[in-house]
Amino acid sequence: MTSGGDAAGMNPAIKCTVDYSRMLGYKPYLVHNGLRGLIDDNIEEAKSSDVSGILHRGGTILRSSRSKRFFEYEHRQQAYENLQKHGISKLIVIGGDGSFRALNQFYSDFKVPFAGIPATIDNDIPGTDYCLGVDTALNMIRQNVDSIRDTASSFSRAFVIETMGRHCGYLAMASAVTSGAEVCLVPELEYDLEAIQKRLQKDIDNGRQFLIAIVAEGCQMGDYLTRWIKDKLKMDARLTILGHIQRGGSPTVRDRLMAFKFGIAAVDSLHRGETNKIMVYKSGSYSTVPIHELAGQTAGIDPVLVEICKPLCR
Amino acid sequence: MTSGGDAAGMNPAIKCTVDYSRMLGYKPYLVHNGLRGLIDDNIEEAKSSDVSGILHRGGTILRSSRSKRFFEYEHRQQAYENLQKHGISKLIVIGGDGSFRALNQFYSDFKVPFAGIPATIDNDIPGTDYCLGVDTALNMIRQNVDSIRDTASSFSRAFVIETMGRHCGYLAMASAVTSGAEVCLVPELEYDLEAIQKRLQKDIDNGRQFLIAIVAEGCQMGDYLTRWIKDKLKMDARLTILGHIQRGGSPTVRDRLMAFKFGIAAVDSLHRGETNKIMVYKSGSYSTVPIHELAGQTAGIDPVLVEICKPLCR
Amino acid sequence: MTSGGDAAGMNPAIKCTVDYSRMLGYKPYLVHNGLRGLIDDNIEEAKSSDVSGILHRGGTILRSSRSKRFFEYEHRQQAYENLQKHGISKLIVIGGDGSFRALNQFYSDFKVPFAGIPATIDNDIPGTDYCLGVDTALNMIRQNVDSIRDTASSFSRAFVIETMGRHCGYLAMASAVTSGAEVCLVPELEYDLEAIQKRLQKDIDNGRQFLIAIVAEGCQMGDYLTRWIKDKLKMDARLTILGHIQRGGSPTVRDRLMAFKFGIAAVDSLHRGETNKIMVYKSGSYSTVPIHELAGQTAGIDPVLVEICKPLCR
Amino acid sequence: MTSGGDAAGMNPAIKCTVDYSRMLGYKPYLVHNGLRGLIDDNIEEAKSSDVSGILHRGGTILRSSRSKRFFEYEHRQQAYENLQKHGISKLIVIGGDGSFRALNQFYSDFKVPFAGIPATIDNDIPGTDYCLGVDTALNMIRQNVDSIRDTASSFSRAFVIETMGRHCGYLAMASAVTSGAEVCLVPELEYDLEAIQKRLQKDIDNGRQFLIAIVAEGCQMGDYLTRWIKDKLKMDARLTILGHIQRGGSPTVRDRLMAFKFGIAAVDSLHRGETNKIMVYKSGSYSTVPIHELAGQTAGIDPVLVEICKPLCR
């Protein structure tokens, strides 16, 4: 099942877990509509045709949802009865840490083991350096920033571009660095607008004709920075909120490869008799981490990227 | 020179007019920064290297601008003196009808003949069915709408997508039809929200899980429609404003081909001794129209497209 | 039904004809596998779900085929009996002129009226300036030529690129012009290798470091020209045959719009009681032409494009 | 300087090394045309404008070359004298292991320290899991394979697709797995055509209508396999050689990020006073390896990928 915000790479992960678990002798099922589908019994045995031709499709064919009902015991019990009815004894969930915690609670109640595959474009799941969907999101952003750069450079204009990322500025930082943006504001890094003003004014005096600033949604600085540029730098400025454009698109090769590796690892984890493990990619190697170890942790950002990004905050 | 809002296809048009005018024995110059550059003498002879490798680049290498100073006689006189100094006797301007009217005034003052090449992604220049930049803009929109559709279909959600187009709904209409949107609101067509509600509610009752609505900027309905969907259809809804993403991107083959045809026609028009002509593509053939014939006209939209679009407004 | 080589734009045309014919009160059917499916009764009533979500997909969901059996009366009689059985009285075929002639013969035999929608990336169907699939093919070629240009310019190297087009050089010509190629060889235009050699040698002496030549498949000059460049110009040269890459890809907006217009026109033609008409786009307007008028004609190429292309042949 | 076959990611690496070395107080120079430029003194101080706006461009703005002259002492001496003249005391080379070995020899002769940044789409440089250009190449292949799949599925046809990779099947393996190919032949893995035939025949008997086979250039099996499919499986089959299409294209975000990390590491390596070190990314961390340690090694392929790929070889 897939749960939480959708991300490119979910479909390849679905295909891989279905194919590989069947290869190991299991009988895989598909849960539609996430946690809600678990409660409402949108569950059916996986047919080959369900997962053929889905590798290159964005989003999730299983659909996702957020479900408040799952917080209540009676609905979790309903979910458990549905699983019992189908003879389903193990779960694989592709989603974010909210979904993992929900299934952890479900395990406490009914002892249904599960394995979690991290997927969210925000790249903010603790314990793993990579979540499915991030590479595709970054490349969608890249195409749009490249397009905006065409128009910015044609018109002596500043563009403020807001990426997704409520608590985590990874998308904004990686996009700013790789698109050559002049400014980057993210929740993790302090910024010094006065210093930025001095730096940019000097550039403008030296002939700079346009500029690109990338801000993470979580900073809530898009509108302010746009007006600030007009006021302080006397430059025409526009705000572009990329929004849900970032979520979709055919998964990149990297997201497909990661989906295969996480998918195989998740099936193997359950096959070995483990439970409540999250698949992680940390410092270049794949492993599994018990969900309780992630509690209270926050996702860290690659320190090299942070260093490269710092000059863009001041 | 390029003038007004930038559009994909301007660079191929620049290359073509430079190369072709030189082939006919002229000595081409480049005016940088649009009308402002005419006043400030940002003018230089065109070198081969200036226009090589620009066919595939979005925006305009000559940069564009809007200039209020050009409304004043003294600045136009300055512009005229600049042209005199360089020995420039004819102008080709790639831009919108505001720029054409400005050069028409310039002709009244100083008798400098010009030819105009229509370029604007809004497709709202009277007299021509096609303006440079439209096809590239439509395909940029397509890619983003396809991406949003991935996420909409994964999450039982409505998306309202706002395209550019202040007075002209062409981009919105063509995008709605070709992306299979359920709703399309444009300034040209009356819409009936009550009828739309009934139609969509019936679809939802029959199992529709997501929907896409495309609205033209000029309707100013983006915010309203998003709330309306939440209220009336009880569906989670999000607004995406595509904004300047639509302007950029490598020109499509169609925009490059049209740029060549308009470019050759413009040089030929001046070569034949004509003046104040706008290059147009009308009912499938290329011709030139005196600018005064366009006064007071508004751009018409393909009636077949309008017919296909009507069911999306009610 | 779709027939002959597949082309982007077939799916939007299928969707449009199904939706629009149903709107007029007809009961549409889908013939799978082209002419072969007509004989083998791969025919079923069109459901809404069959044509939803197909607008953005390349190729044809109905699959296509070439069938020699259809040349024989007995198999055509079988096809006729199949249609009778389903109560099908009119046909719409999306394909090339071979398919149109086959259905013309079928009409002679059994008086089943049909309408033809031109679709082939070669753009070689007589009577129409545009065939579905051409714009998408051109943009697929563009992306790949742009990519090859990166590597050519990085390495002082010549690239010979072969496009599809057995008898018609349209793809090669439009690609050469819009990608700034230095050489273009097509079946329609005479070329003068000696003149080309002199021209390129002069460019190389003036500093040219790389070159791109585009040749149509029908010239059978790919291998020869590659060796010729090595021999005569002493430049490292490589041949790239684009092949079937050109056929696929999500249909561009232009191909989707044309598909809608052709689709509506085809349904309208049959609805008016016409038969054996081909939908054409000629000099900017849409009309229908009786198939017998196309006999013996060959497709003409836009004379402006030919003029722009001529300097690349000598 | 860049040397050897060009790869996407070279331009971001150039930009990063220039900017970062200047930040540390160095005066960076650009060597044009690779080793040949070193001999012919195509060397000039790097200006800011040389490296602005190059992040998103494929290939290398410095051009590359292969030079046999560099094998001879007298030409290396010439190169040394050129460097002396400019006051250049350290070199950064972006390229493959042939280039690294050449500079190692150069160091033996004249004690000019260098740092090497691995860049080649073949991903076959020993000691590192990643070379610049690989991710972009994989995504170019993906787009073309997705396009070919459209046409294969529309026409009941097999496609054999040949990727680059003389000794290393990485591109073919990663592409086969992530595109859902049915067959993959690479130099590293034994294949069993008889087993493949049985497996595919069974699939065809169960309704499979098309198939995709991906083969690495180094196997030299493209032609053979295409005929083999026609003979043994009685399926229409076509060969597509992707060729140099794979090299170009705007660098993906991953290639840009890796370019920054390798670039910073290379400058740091020289800054620390090291010499003859190659930047590597191994098991998820970045480090430097003395070039002599790489002698005799061959590049290993990710064992998980190999496992996933094995079922496609038999």
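The chains carry the letters A, B, C and D, assigned in the order they are written, with residues numbered from 1 in each.
The rule is short, and it goes like this: contacts are C-beta pairs under 8 Å (C-beta built on N, C-alpha and C of every residue); 3 or more make two chains touch, one makes a residue touch a chain.
Because the structure is a prediction, the values reported are computed rather than measured.
Undergrad: According to the touch definition, list the chains common to the neighbour sets of chain A and chain B.
TA: Both chain A and chain B are touched by no common chain, going by the contact rule given at the top.
Undergrad: Please name the chain that ends up farthest from chain A once chain centres are defined by their CA atoms averaged.
TA: Farthest from chain A by mean C-alpha position: C.
Undergrad: Whole-Å distance, chain B centre to chain C centre, using C-alpha means?
TA: 28
Undergrad: Could you state the distance in Å from the CA-based centre of chain A to that of chain C?
TA: Measuring from centre to centre gives 40 Å for this pair.
Undergrad: Which parts of chain C, given as residue numbers and ranges, touch two or more other chains?
TA: If we look for residues of chain C contacting two or more partner chains, we find 146, 149, 153.
Undergrad: For this entry, which pairs of chains touch?
TA: A-B, A-D, B-C, C-D
Undergrad: Within their complex, state which residues of chain D touch chain A.
TA: 12, 15, 52-53, 55-56, 129, 135, 138-139, 141-142, 146, 149, 153, 174-175, 177-180, 250, 252-254, 256-257, 260-261, 264, 281-286, 304-305, 308
Undergrad: Applying the document's contact rule, which stretches of chain D touch chain C when the two form their complex?
TA: 2, 5-6, 8, 10, 33, 57-60, 63-65, 140, 143-144, 146-156, 159, 209, 238-241, 243-245, 247-249
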